[in-house]
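Working notes, structure below.
When the chains are written out, they are named A, B and C in that same order, and each has its own residue count from 1.
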Amino acid sequence: MLKVIDLTRVYRQGAAAHLAIDNASFTVAEGELVTIVGPSGCGKSTLLRCIAGLMTPTSGQVVLNGNLVTQVPDRLAVVFQDYSRSLFPWLTVRENVALPLRRTQRKRHARNQAAESALAAVGLTDAAPRYPWQLSGGMQQRVAIARALACEPVLLLMDEPFGSVDAQTREDLEDLLLLMRAERGITTLLVTHDIDESVYTGDRVIVLTSSPGRIRAEITVDLPQPRDQISTKELRAFSHLRAEVSRLVRGQPAAPASQRADEHGSFGPSARPEPSGTVSPTPDTSPWTSTTPTAHS
Amino acid sequence: MSRDLKPFGSARVVRWAQGLAGIAAFLLAAESLGLVIPQTVLPRASTVLVQVVRLAGNTRFLADAGATLEAWAAGMLLTVLVAVPAGLVLGSLPGVRFATRALTEFLRPVPAVSLILLVTLLLGSGLRMTVTLIVYGGSWPVLYNTIAGLDGVDPVALQTMRAFGFGRLAVIRHVSLPSSAPFIATGIRIASSIALILDIGAGYLTGRLNGPGIGAFIADVSSGTGDVPLILAATVWVGFLGLALNALLLQAERRLLPWHRASLGSAHERVPLPAAAAGAA
Amino acid sequence: MMTRLALSAGRRLRWTQHWLVLAAAVGLWQLWAQQRNSPYFPPPSVILPQMRQLWFSGPADHLFLTPDATSNIVPSLIRVLLGLGISIAVAVPLGIALGRSPAVTGFLDPLLQFARSIPVVTAAPLFIALFRIGTQMEVATIVAGTIWPLLLNTIDGASSLDPIKIETARAFRLSRWHRLTRLIIPSALPKIFTGLRLSLSLSLILMVFSELVGSTNGIGYEMSSASSEFNLPVFWAVLVLLGILGYLLNAVLYAVERLALRWHGAASQRAY
């Protein structure tokens, strides 16, 4: 459904040139929740913005449902990290959620209904007439999520959406996201620096190296659904996945294949093959087209 | 959307070039407009420019400009000597500070230009009248800003000084004054704009009777049908004067208060409008 | 909300205190002027009746306004409002357009800075020479003086938009119209109001001055004729009226600003 092909993005030119993303390629299937994780400054946000059409890549392509992305595509929704600046303070919560609908829906009544049902889905029915600054941080981010849901997007992009809230709220919001995905099946791409979050929420985790941003590995998360903050994180499989992602993020060698195969169906064949004990070199693009047995573009 | 980062030096050159290009474009547009519109409605830009240059050699204009500057300088000096200490004193006594601010709320809306005639009646004409007017008009923004500056002084700093046994006067000298200095400086620049307005306004209103001054010059030039290009030329010079005086005060500010420039932006250094005292000072 | 009530109660208290200070000041003035007995500084006991006689002793169906009031105060107010109205109508759209095109503004910046540093009263002689005395000249003078703070502040407001909001607008593909009305204008409104406050004060200055030098009616004209007739009570009556009018106009603007920007102060207060 979403194909990213050899995406490269360079800032500035000449001597001061900065390679933010280097030949990133991956696909996302319909209804999948893919998380992108990496250290700070590794170009995650740049990657997301290129996919969203907010930025033009220096080379490479983004293909959404068979169409090349050259500007912001239709039926795309984005949730930013800084909710206090992304929501418009001069609009009420309801008006904020309904705002993107103005382009497609002329009737105010229909827009308000869609807004209110989105707010109900995130549990904020009472907040509709209030202003964003009257709500707590977690609630504001819920409003941003409701705004994204109200558009009924085909692709939902989230740029470190839970980075500015406290741990408790973050867990609630992660579960909210999973619930939304289960109910509506929206294809989602979540960028995060939180490794736990990437494993907990994702169907697949894409690990990015830092400067330049390259895809180091893709890991299928074979944990049972529905996920639970306590019981899922208690599983052995979770901690091994978590550890694996950690190693990859830190640039350490991956665990040897024998150890990986021991655990209960946790890894599968999707982690990139690497000789143990060495830092993985930049892989070729060819193994990328088939990441999991069930994936299709 | 990658943008090349230009090094600092060439960015300034670009800005200067842009500005000059803008001025040139404006003059060109004005000139071409003047070709279409009759001279009685709008004089040609070239005519005005010629007058601007000629004024620089006009002895009477230069004398008038000198007189205006003299009144400005005297008025500003007196204003600072009167209003800053008054502000420091009034602002340090809490009850009085409140009363003063309340009063300025009511007195500020009265335009100082409306007092020109009163002062003329009281003091006749001449330098004394103009300077009195300037001191009245300029004292309000300086007073208001001094008090506002004192309001912004860090109470912890004050308490620290007091704890060390410093008396009221010493506290003012070492903490309150330096801390409020940027606000006072802005107030002074506002007062400068007001001073120029009052000087030229009073000069224009009372004419040569009041002695030399750019206002009187404009009044002379306006008599009869009025020489519009010359009036415009004098206005242009007055604009330069305003810019120059503001720049002068800014330089003084930078010399005396070198530390605060980093915290305030470039908007701080723009020529303040006289009414700025009424709004966001 | 509790804090909202507490805030307005505090504000009302301050407001009452302000009026008490004014009353005390007027009382002191009365005492001083009575004792001084100078023709140049009549006491309030002389000024206030003069005001009433001049303007507020008319027939009830005329709102108690005398013909003097309608032929002087009203035209002056009309000129102020007309001048401000024209300035707003020109400066705000232009300012927004310029604010959104930093390239053009870069070219115009020195010109704008120069224009704003010209002392505003010089507009009066210019327009007298161009238009002769009368309302046209006065409104032109008011517009010439008040347009700059509005224009410059609007440019400032329109050019300092939050980049995250712009990105949000792009991500959700807001139409140009909605971007203007729902993002750019509300964002720039606080700075526009700052410019409006400055322009209001300037408009009063210019109204008085242009009427002093080039008019046959109006508040400034009344002042001028009172001065030439050495009629100090009338002169002071006009002065006090000016203060009252200025205070009222500022209060109205303040109320409008609070209404339009009720989200602004509160939003910036929150720590988020």
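Keep in mind that, in the parts below, a contact is a pair of C-beta atoms (placed from the backbone, for glycine too) under 8 Å apart; a residue touches a chain by one contact, two chains touch by 3 or more.
Keep in mind that this is a model prediction, so the values were computed, not measured.
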item	value
Comparison of B-C and A-C by number of C-beta pairs in contact, larger one	B-C
Distance-to-centre winner among chains (Cα means, whole assembly as reference)	C
Cα-centroid distance, subunit A relative to subunit B, in whole angstrom	55
Between subunit B and subunit C, centroid-to-centroid distance (C-alpha), Å	19
Rounded Å distance between subunit A and subunit C, as computed from the means of their C-alpha atoms	52
Residues of subunit A whose C-beta touches two or more other chains	none
Subunit C-facing residues of subunit A, complex	52, 54, 72, 74, 76-78, 80, 82, 84-86, 88-91, 99-100, 102-103, 131-134, 137, 140, 147, 151
Complex interface listing, subunit C residues touching subunit A	162, 164-165, 167-168, 170-175, 178, 182-183, 186, 189, 263-264, 266-267, 269-270, 272
Residues of subunit B touching subunit C in the complex	15, 18-23, 25-26, 41, 98-99, 102-103, 105-118, 120-122, 193, 196-197, 200-201, 204-205, 218-219, 221-222, 225-228, 231-232, 234-235, 238-240, 242-243, 246, 267, 270-271, 273-276, 278-280
In the complex, subunit C residues that touch subunit B	17-18, 21-22, 24-25, 40, 106-111, 113-122, 124-126, 128-130, 148-149, 156, 194, 197-202, 204-205, 208-209, 212-213, 220, 223-224, 227, 230, 232, 235, 238-239, 242-243, 245-247, 249-250
